[in-house]
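Next come two complexes, and both contain subunit A; in the first it sits with subunit B, in the second with subunit C.
For the complex of A and B:
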């Protein structure tokens, strides 16, 4: 860490902090509109059915109802991967699928109208299991997707997106192995990231071809891009983002919600608001993909992984927008976590009659790791190797390479994470706690403790493009033009920090525009952990460009070359001659300076997070309690200490570590209903049960941008779940193969109750 | 929420009269913590025409002790029950049960009477209209119990007949262990019934024009050792997966008298008489506790996904008898 920074690495107030904690921040549902209508969705009671008839006359005559749209009269907008998914279709494919959308003058009228619509269905047999869905004769969700299998290609990632992990010669690898382990692990509990603010949008369609959408999303420019693809480029889409009440990936995009609002606005000519209720958010928005891997792993006695071969099943529910991209990124991440010369891992993406999977922190990689690390562990167990040592040894080192999501090979040019891992192990006390495979760390009456370790890393920290403008005003102020929304990480405040650092201005003298695509340049937004490197690089470059233009303009006024000038707090002076100075105001008079910054994708960096966990298992009740977590990473340079602590402390929830303990979406295989779409039955950790979390954050400068930092936030959730599975298995002396580790599964593994 | 008539009742008689007038199409609102969730979820086949507010009836929230009877008004808040010095001293099991309900915010508005009258905590019964519901089921008068072939991890392991939803009222379990009586008011005056008899397989004995007025706990139970254990996945907020309340009379380590009630294992609070018989007259030991626990669950018939509840129930009974509270969210 460099001490000479004015703001970088220092605790500074979040720009939006006061608004958020005093309740004055305006989320989508808080914005006032004239003539606003409320949108409501009528949802299917069947997991799979064809709509025979919709009788909406009773609803249409209800006072205050202004539009009812069904598959028969909604615009034929389609999206997804492939582009075959309609916003309202003639078929419904999960319990809760949209059948009709209604706009009315009040929420209650819209709800009442939904009650009055009569729908006649031809009920079709559903399929909920991934393997069953692929069998001949299984119910088919889409004519376009025979066998319910989706194409693996992800157009958004370029023409040759990574669709498998295949390299080397696995047979040769297995021949070199000292041990070979084989097994199946599943991470199939489809947890919900569940940000506090539900998916919401307000749309105003102005005929013939202009639409403005107010969104509650993480990535505003991406919303504009996607909506433009759906509506057609002849429609001018303006997306406006405000504070985003959490996203954790899930609200990168909510095109259905936005399309409902847009279609209803197009039909009525008035602004329409659609805000999902908590139950809709839980059962009819997006979940984690489900993963089941059957694989063989070859390993040498020194922990070298010689071969991995297997089948990776990815379940996406009734549709996919990003599951293919999650597969690509996950496949890349597998190579980052496990140096292995011989791979043959072939994925399949399957559709079933449940709510869809979408983006969640860990983007494909967490889902893969939750099965891959236990599979590696089986081999470690056979070779009697300490998992910490094996994971440390096999993680990406400088000079190693990987096929990344775009199908290209990249050579890693970041730091070696070994030291961070070792410091993490020391902080946790790993050496003293590790007693060997399937051995508890301690016994205390009916209780046993166990430890586990997991790892994850992502080369997304330099993914995609960012642009920013920085405008310098004569009064010694700067304005950042960026569409970055504040989704909780402090990204906007960090943009302000780096720009203030570059320009040496007081923080209060730097402001940032609203996230409005009419005003701001292109910006992929804070996806993955790209904020610190990608987004900040654009802001830094824009500030540097503006500064250069300012000094270039001022140099002749002071009779020196621009290289001789420095600026701070709105003054410009000649180096070593502080008396020879001029204010920005005197230099610029009635003039502004505009700098432009752009970041182009760079996949040669990957971050790394290792998580250690200790659990206690009550062998009489099967209850597993998380006692402690230690996270270890190296981020080059901390930008904002409370911000990074918040990100890493977020490892439990948002479908993270707790998805191994109790978080799950309960899909009833008999009815197809999500049974726990409420905050009592969906188990979400409460604040009174937070375990101690220690974060080891090292700062070895990266050759990234001028502050040498890289992002880490996204992956905080990802190494933990497999660590919990490992720790629980060690505590009880039996391998668990599924998540979460419920009392039922633990007692079954202990042989205390029969398995179902 | 849909439109309904809201009426403030000022006396118990007035509330009962209104209930009668609406012929089952009105609901009482005390704390409202459960009622509002039911109304928002819009899960009943018929939406109530009226909500009768009983918070406006004065004096129904008192906690008094007279003639060796502790009387608790139906509108006493769970937070008041949990912190009442009299209740804490004389019937700790009830204070503990009250403290285990929900969260501070819920306990500050939820009432003891409302806790007994909560709708069943079954995720099929409560499936919301907004997600393609409500789901017809036996409890609602149409079709079979969906838990039998579905996800029944939280459902009944004992005494399920037709409907396998469990009674998760922590208060009922504690009151049953205290052998409490319920005073029920109706148009024909008042009647008294034991807590165990109050519950029926598909609900409770309240007629459409009756309401709970108060609870009376006999002094004989107050001197016994009282224990309450509740197994949940999360310490706060969660409803019991299994709970046990026990009143155990002890004389020099020998059990003289016992009432052991299990919650969330059956459609009604389940009195484990076989376990009680096993320990009365015995010195309390690990073996006796273990044998009693086996007896308590001897008739358990778990469904496809809830055999684990039998083990947890046995553990809780054992621990309740032994007086151990280790690791149960205390």
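For the complex of A and C:
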């Protein structure tokens, strides 16, 4: 860490702090509109049915109802991967699928209208299990997807996206192995990332071809891109983003919410707001993909992984937008976590009659790790190896490479994470606590403790593109034009920090525009921990460009070359002659300076987080309690200490560690209903159950941007769940194969109750 | 069915069409009815605050009494405003997040300032409710222990996991308050 920075690495208040704590931060539902209509969705009670008839005459005559759209009269808008999923279709494919959308003057009237619509269904047999869905004769969700299998190709990632992990010669690898382990693990509890703010959107369609959409998520330009693809390029889409009340990835899949609002606005000529209820959020919005892997792992006695071969099943629910991309990223991340010359892992993506899976922190890789690390563990157990040592040994090192999501090979240019892992182990006390496989760390009456460790890393920290403009004003101020919205990471404040650092301005002299695609430049947005490297690189470049233009303009005024000039706090002076100076105002008079910055994708860095957990298992009740967490990482340079601490503490929630302990979406596999679609029955961690968390954050500079930093936030949730499974299995002396480690599963494994 | 209403009952029911309550120190008289400007008997306090009075600082998340996001103070006690009907609030003294601090001078309540100082939020959506729950605790118990703070905030959902920084913010605010009083 460099101590000479003015702001980087220092605790500075979040720019939006006052708005957040006074409640004046305007989330989508807080924005006031004139003539606003409220959108409501009529949803299917059946998991699979064909709509025979919709009778809407009773609803249409209800006072205050302004539009009712069904598959018969809605625009034929489609999206997804492949592009076959309609916003309203003739078929419904899960309990909660949209049948009709209604716009009315009040929410109550819209709801009443939904109740008055009569739908006649031809009920079809549903399928909920991934393997059953692929069998001959299984109910088919789409004509276009025989066997309910989705194509694996992810067009968003380029023409040759990674669709499998195949390299080397696995038979040769198994022949070299000292031990071979085989097994099946599943992470199939489809937890919900569950941001507090529900999925929401407001749209105003202005005929013939302009639509403005107020969105609630972190990728405003991506919303514009998606909606432009859906509506066609002849429609001018303007996306406006404000504060986002949590997303954790999920709300990037808001195209349906936005299309409902847009279609209703197109039909009425008025702005329409659609805000999902929490029940809709839990039962009809996106979940994690489900993963089941059956594989063989070959390992040498020194922990070298010689071969991994197996089948990887991904369940995406009733449709996919990004599950293919999650497969690609997960497949790349597997190679980052496990150096192995011989792979043969073939995935399949399956549709079933439940609500869709989508983007959640960990993006494919967490789901894969939850099964892959336990599979590696079976081999470590056979070879009697310490998992910390094996995971440390096999994690990506400088000079190693990997096939990334775009199908290209990249050589890693980042730092060696070994030191961070060792410091994490030391902080946790791993050596003293590790007693061997399936052995508890301690026994205390009916209670046993166990420890586990997990690892994860992502090379998307340099994914996709960012642009920013920085405008210098004569009064010694700077304005950042950026499409970044604030969704919790403090990214907008961090943009201000780096620009203030480059221009050496007081923080309060730098401001950032609202995110509005009519005004602000292209920006993929915070995803895959790309904020620190990709987004900040664009902001830094824009500030540097503006600074250069400012000095270039000023140099002749001071009769020197621009290389002789320096600027700080709105003054420009000749180096070593601080008396020879002028203010920006004197230099610029009535003129502004505009700098442009762009970041192009760079997949040659990967981040890394190792998580250590200790759990206590009550062998009488089966309850598993998380006693302690230690997270270890190296981020090159901390930009904002409280911000990164918050992100790493986020390892628990948002379908992270707690998805191994108690979080799950409970799907009734007889009816297709989600049984816990409310916040009492969907379990979440409260203040009374906070375990101590230690975050070990090292700062070995990366050759990234001028501050040498890379991002980490996205992956905080990912190494923990498999560590919990390992810790619990060690505590009870029996391998658990499924998540979460509920009392039922623990007691079954202990032979204290029969299986369900 | 025809209902006969005597004169006295009719007069009383007209008076009953208005409910008076105090919100953030201001007296409100709200008319009960089904017009767009009126308070319906089914309106929750959260709905009235946000949609009728424009006090959108109170955030609604679950709308089901489970997450604490919409917490306001009623006679100094923390209550989930999504679970209370406005028509039940006659004569009540309500404080919302807008009622803390001084909007004229822009001065924050010390508890709000402590949340800023400790970056005790990430996405910020749960923060107004979190602050109101903590405010209720500090009103009743100006110097709580960490355990007491955890207990008081255990009904407030925070998904980003800012709990640790919230605890520090509330503890610091209570200690500062102690310093002032001592």
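We adopt the following convention: the second predicted complex is superposed on the first by the 755 of 756 C-alpha atoms of A that agree within 3 Å, B and C clash if a C-alpha of one lies under 4 Å from a C-alpha of the other, contacts with A are read in each partner's own complex, and residues count from 1 in each chain.
Criterion: a contact is a pair of C-beta atoms (placed from the backbone, for glycine too) under 8 Å apart; a residue touches a chain by one contact, two chains touch by 3 or more.
Note that this is a predicted model, so its numbers are computed, not measured.
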{"item": "Superposition on subunit A - do subunit B and subunit C clash or fit", "value": "fit"}
{"item": "Which superposed partner A:570 touches (first subunit B, second subunit C, both, neither)", "value": "neither"}
{"item": "Touching partner for A:30 - first (subunit B), second (subunit C), both, neither", "value": "second"}
{"item": "First (subunit B), second (subunit C), both or neither touched by A:298", "value": "neither"}
{"item": "First (subunit B), second (subunit C), both or neither touched by A:662", "value": "first"}
{"item": "Touched partner set for A:362, first subunit B, second subunit C, both or neither", "value": "neither"}
{"item": "Partner chain(s) touched by A:744 [first = subunit B, second = subunit C, both, neither]", "value": "first"}
{"item": "Subunit B versus subunit C as contact partner of A:243, first or second or both or neither", "value": "second"}
{"item": "Which of subunit B and subunit C A:690 touches, first, second, both or neither", "value": "second"}
{"item": "Which of subunit B and subunit C A:414 touches, first, second, both or neither", "value": "neither"}
{"item": "Subunit B versus subunit C - smallest C-alpha distance in the overlay, whole Å", "value": "5"}
{"item": "Contact residues common to both interfaces of subunit A (with subunit B and with subunit C)", "value": "108, 277, 678-680, 685-686, 688"}
{"item": "Parts of subunit B lying in touch with subunit A, wherever the complex brings them together", "value": "1-3, 37, 41, 103, 123-124, 126-133, 135, 146, 149-151, 153, 231, 233-239, 241, 304-308, 310-312, 315, 326-328"}
{"item": "Subunit C-facing residues of subunit A, complex", "value": "11, 13-14, 16-27, 29-30, 32, 105-106, 108, 193-198, 243-248, 277-278, 486-490, 642-643, 645-647, 649-654, 678-680, 684-688, 690, 693"}
{"item": "Subunit A residues touching subunit B - in the complex, by the definition given at the top", "value": "43-46, 95-96, 108, 111-112, 115, 277, 279-280, 283-284, 445-447, 618, 620-623, 625, 662, 666, 668-671, 673-681, 683, 685-686, 688-689, 742-744, 747-748, 752-754, 756"}
{"item": "Contact set on subunit C toward subunit A in their complex", "value": "36, 40, 42, 50, 54, 56-64, 66-67, 69, 96-98, 100-101, 103, 106, 108, 112-113, 115-119, 121-128, 131, 149-151, 153-167"}
